[in-house]
């Protein structure tokens, strides 16, 4: 298979403008003749649905939530980057582009990233016009904060709820179009499959989560904006319902899945407190500005933290990375925490935690200053753990946070299946092997507001779309297939709940394909996952019926896909014999334990083709060229 | 543009009608109260005041006020009934367990205190305006004003009435009801009319109940003072 | 700790529904309330029973999906806390806990504790937005917005759309939800062009959905997990009446 990334030629600064100028247009009067299905109503999906409807397309939007306002974009705390240079500190489109490519450990496509940096400025303008209440200075102008991986202040924020406010802005734009009748919104509908007719994406199969009805929906193009797959690890900072089903089913219908092994682990999460734990909660990284991270020097030290003298403490980040110390990047801080816990020096229940200690900062600055800076975070921590972080050190541990991999897309955000577009976290395109803070919101909105509205028109204008109906054999077959799968799941009648399988899968993935991976571990996982999948289909129990609201069934269907997808992740991690960004292979590290990239052999996008469940997928490579940013090693010593 | 009929029927407009008529009724009560307190200055003041009310503009002012009050009263009550009915319909299935946080006895019993007040108002009018109850005290005596005019002796009527413990108890209970109703009503009306904001909201939330206590105590002062013998014929 | 739970069970929208009692043992104080229900459900599945359906998603108090009335209070006894952020250390061994769904005509029960809050979306569709198409925008800094205005807008915009205000209101009124959106946009220059029609249309839609009216108990404010102030209700009242009387809010 030939991967055509459709990157325009010419100087990188002019590529997007040139491409837009060359894209064919759809006559305004003809736009209403085209219909688009958008799956997902997060930042990318809602912004795309609203914008396409504004242009005149007929949009059908789908969400498994009860309202389009609930997607997990809402939980993003920190902010959104934009190269506005309002602070006059030397920021520019070029610098945002450069930081993002470097932050992605040189595994992203230059052209896409440059475009992302270009449209970042329009995003802020658009959101302000929608009434997003960004933080302001006393003079009335927009306020910025700095964020990891950048030396300029370019992050716009709305208190600690930036994701919420941006999502509500997009949701409101979407609601406006729903009110105008330009978008038909389908709540509580989960995508079960993609309908491909004559090689093009022409519709989806959904299950109504209230009535259980399985239906087909036809359109001229399908957009997936269904988020990431971090929940393959069971415990992650993702919302409970986040799943891989939509993208994975598209993958099974022919779409290539790119770089599935790139997983971002966030270092400052609240540790697991017991087996019942259902998800992990992120604490803003900003805490590391004043907190000092340490563990006891000696294994199995059971003393309470205030009883451990300085001489028995190991401030391991300060020791290993004297110049960046506690502010080392996410991946490095996360791995270091895992290392000390693996040595048996972790703290808290199960020894899976390290201290984040504010005692020095409180002594130096006073409790009031600390409360001003982090009051709400301290409150949140206390609410969850019952411990007062002003008195005892916080306990933190890394957790899966974001997945850089996703369906492979070209410059137009179209997958290799014509008519199937993929936006936001669901695609692989802009973050390479590691995402910088405050860039996920930027990408979701860039894709939805400013990229897809142009590129989808180019696809339609090429013509060649025949009328299709729900009566077509492909659509009917897909409905039957989905119904059979549901029936099969309900009829197993075993002993174990979907959650128990999910938890076990998550444990395998976290141990073998998590923060640090080895060839042996991945091979073991590739053996254990099919076994678990086998047991799933033998011993699962899903109580209730398929014809009403059945949350066990919803979860069962999602876990079934995770059980197949997990294997793909391991294959990808296994083939990538290097360490880069969110992929760390223990065999490939420098003498000091840093990630060792291999640009000669692995400077490519790994795009996987499905060949059947349980059979080895086929690897396709899109090689990455760096013409504008020089390949260099990241160092934080 | 919405048709005014649709707006009129809306919950919020009905609510606004209730608030504004309620506040006008409170203004009336304040006027009424200041008149009542003339009892403490003796028969001349009270009787002259009462006479003045009856004769102002050859009686037109009094009748105008009465009609106005009646209209406010009817609007107030009808909107209350409409809204209460709708509010009941808004929760067809009740909770098994409810734990209130900020609502008060007063706020939760507005409909009941209101309905009781309707019967009180009728009784009160029957007593002092129509003379239909306790008629043994009604306008039996005349009074000669310092100007020489002969007018009904309202003072004596009031004092005689409130010398009967049963009547005093009825009135005092009614004033508790007035206080209870106003305890929520005043601040609520300000909120509904939308005149509260961050700065004055705390003031209104305290000031409303305070004023309700003042009004209830003020009205109660007259029968209490009479039955306790501080005010005599 | 050991607890006795009385949970509303209702098989579907047309089922009568009733409270059912469950005993649950060995509840850890570190569990969240929803994790406690997870454990209950795993136990029910193991016994071959149908687990309790309840809405939830982010479990960090921001998505607004979860919501249940716990011992007579929406989201439970702790102020400014969603059910997912409520932890079991709030309860003690031997407690009895009543768990019921949001109760309102405009929030029909779909199953057990899950209700349909589509009415909220339809209120927003009537004007809870600024009518600006993508691409219309001027520079973000072109219109300065004072910090107090921006802060006030954010105070209102913090609404997570969970519906606790409706659940807490003795009249099942959606005034705080609606006022939060009206107040958010009325605090900003961007929201001024449609300010009058927005308040009017959204308020009328609230009636059409079957929500009750506001009688100023302020139970909504007390139950709101985001602490949104009822002052926004006053502001919406003002905008509505001005609009009703033909003025410009």
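Letters A, B and C name the chains as they come in the text, with residue numbers starting at 1 for each one.
Here is the rule we use: a residue touches a chain if its C-beta (ideal position, glycine included) is under 8 Å from a C-beta of that chain, and two chains touch if they have at least 3 such contacts.
Keep in mind it's a predicted model, so treat the numbers as computed, not measured.
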**OP:** Specify the chain most distant from chain C by Cα centroid.
**Re:** B
Subject >> Between B-C and A-C, the pair with more C-beta contacts >> reply: A-C
Subject >> chain A and chain B, separation of their C-alpha mean positions in angstrom >> reply: 63
Subject >> Gap in Å, rounded to a whole number, between the CA centres of chain C and chain A >> reply: 27
Original post:
In whole angstrom, what separates the CA-based centres of chain B and chain C?
Top reply: 37
Subject >> Partner chain C, residues of chain B touching it in the complex >> reply: 2, 4, 6-7, 10-16, 83, 86-87, 89-104, 107-108, 110, 184, 187-188, 191-198, 201
Original post:
chain B touches which residues of chain C in the complex?
Top reply: 6, 8, 19, 69, 71-73, 77, 98, 100, 103-106, 168, 170-173, 200, 203-204, 206-207, 210-219, 221-223, 229-231, 233-241, 244
**OP:** Could you please specify the touching residues of chain C with respect to chain A in the complex?
**Re:** 11-12, 28-32, 34-36, 38-39, 42, 44-46, 48-51, 53, 55-60, 62-65, 78, 81, 85, 87, 89, 110-111, 114, 116-118, 120-121, 124-126, 128-141, 143-147, 149-151, 153-154, 157-158, 160-161, 184-185, 187-188, 190-191
Original post:
Along chain A, where are the residues that touch chain C in the complex?
Top reply: 47, 50-51, 54, 65-72, 74-75, 84, 86, 122, 124-131, 133-142, 158-159, 161, 164-165, 168, 171-173, 175-176, 178-179, 185, 187, 210, 239-241, 273-274, 276-279, 281-282, 380, 383-386, 449-450, 453, 495, 497, 499-500, 541, 543-544, 548-552
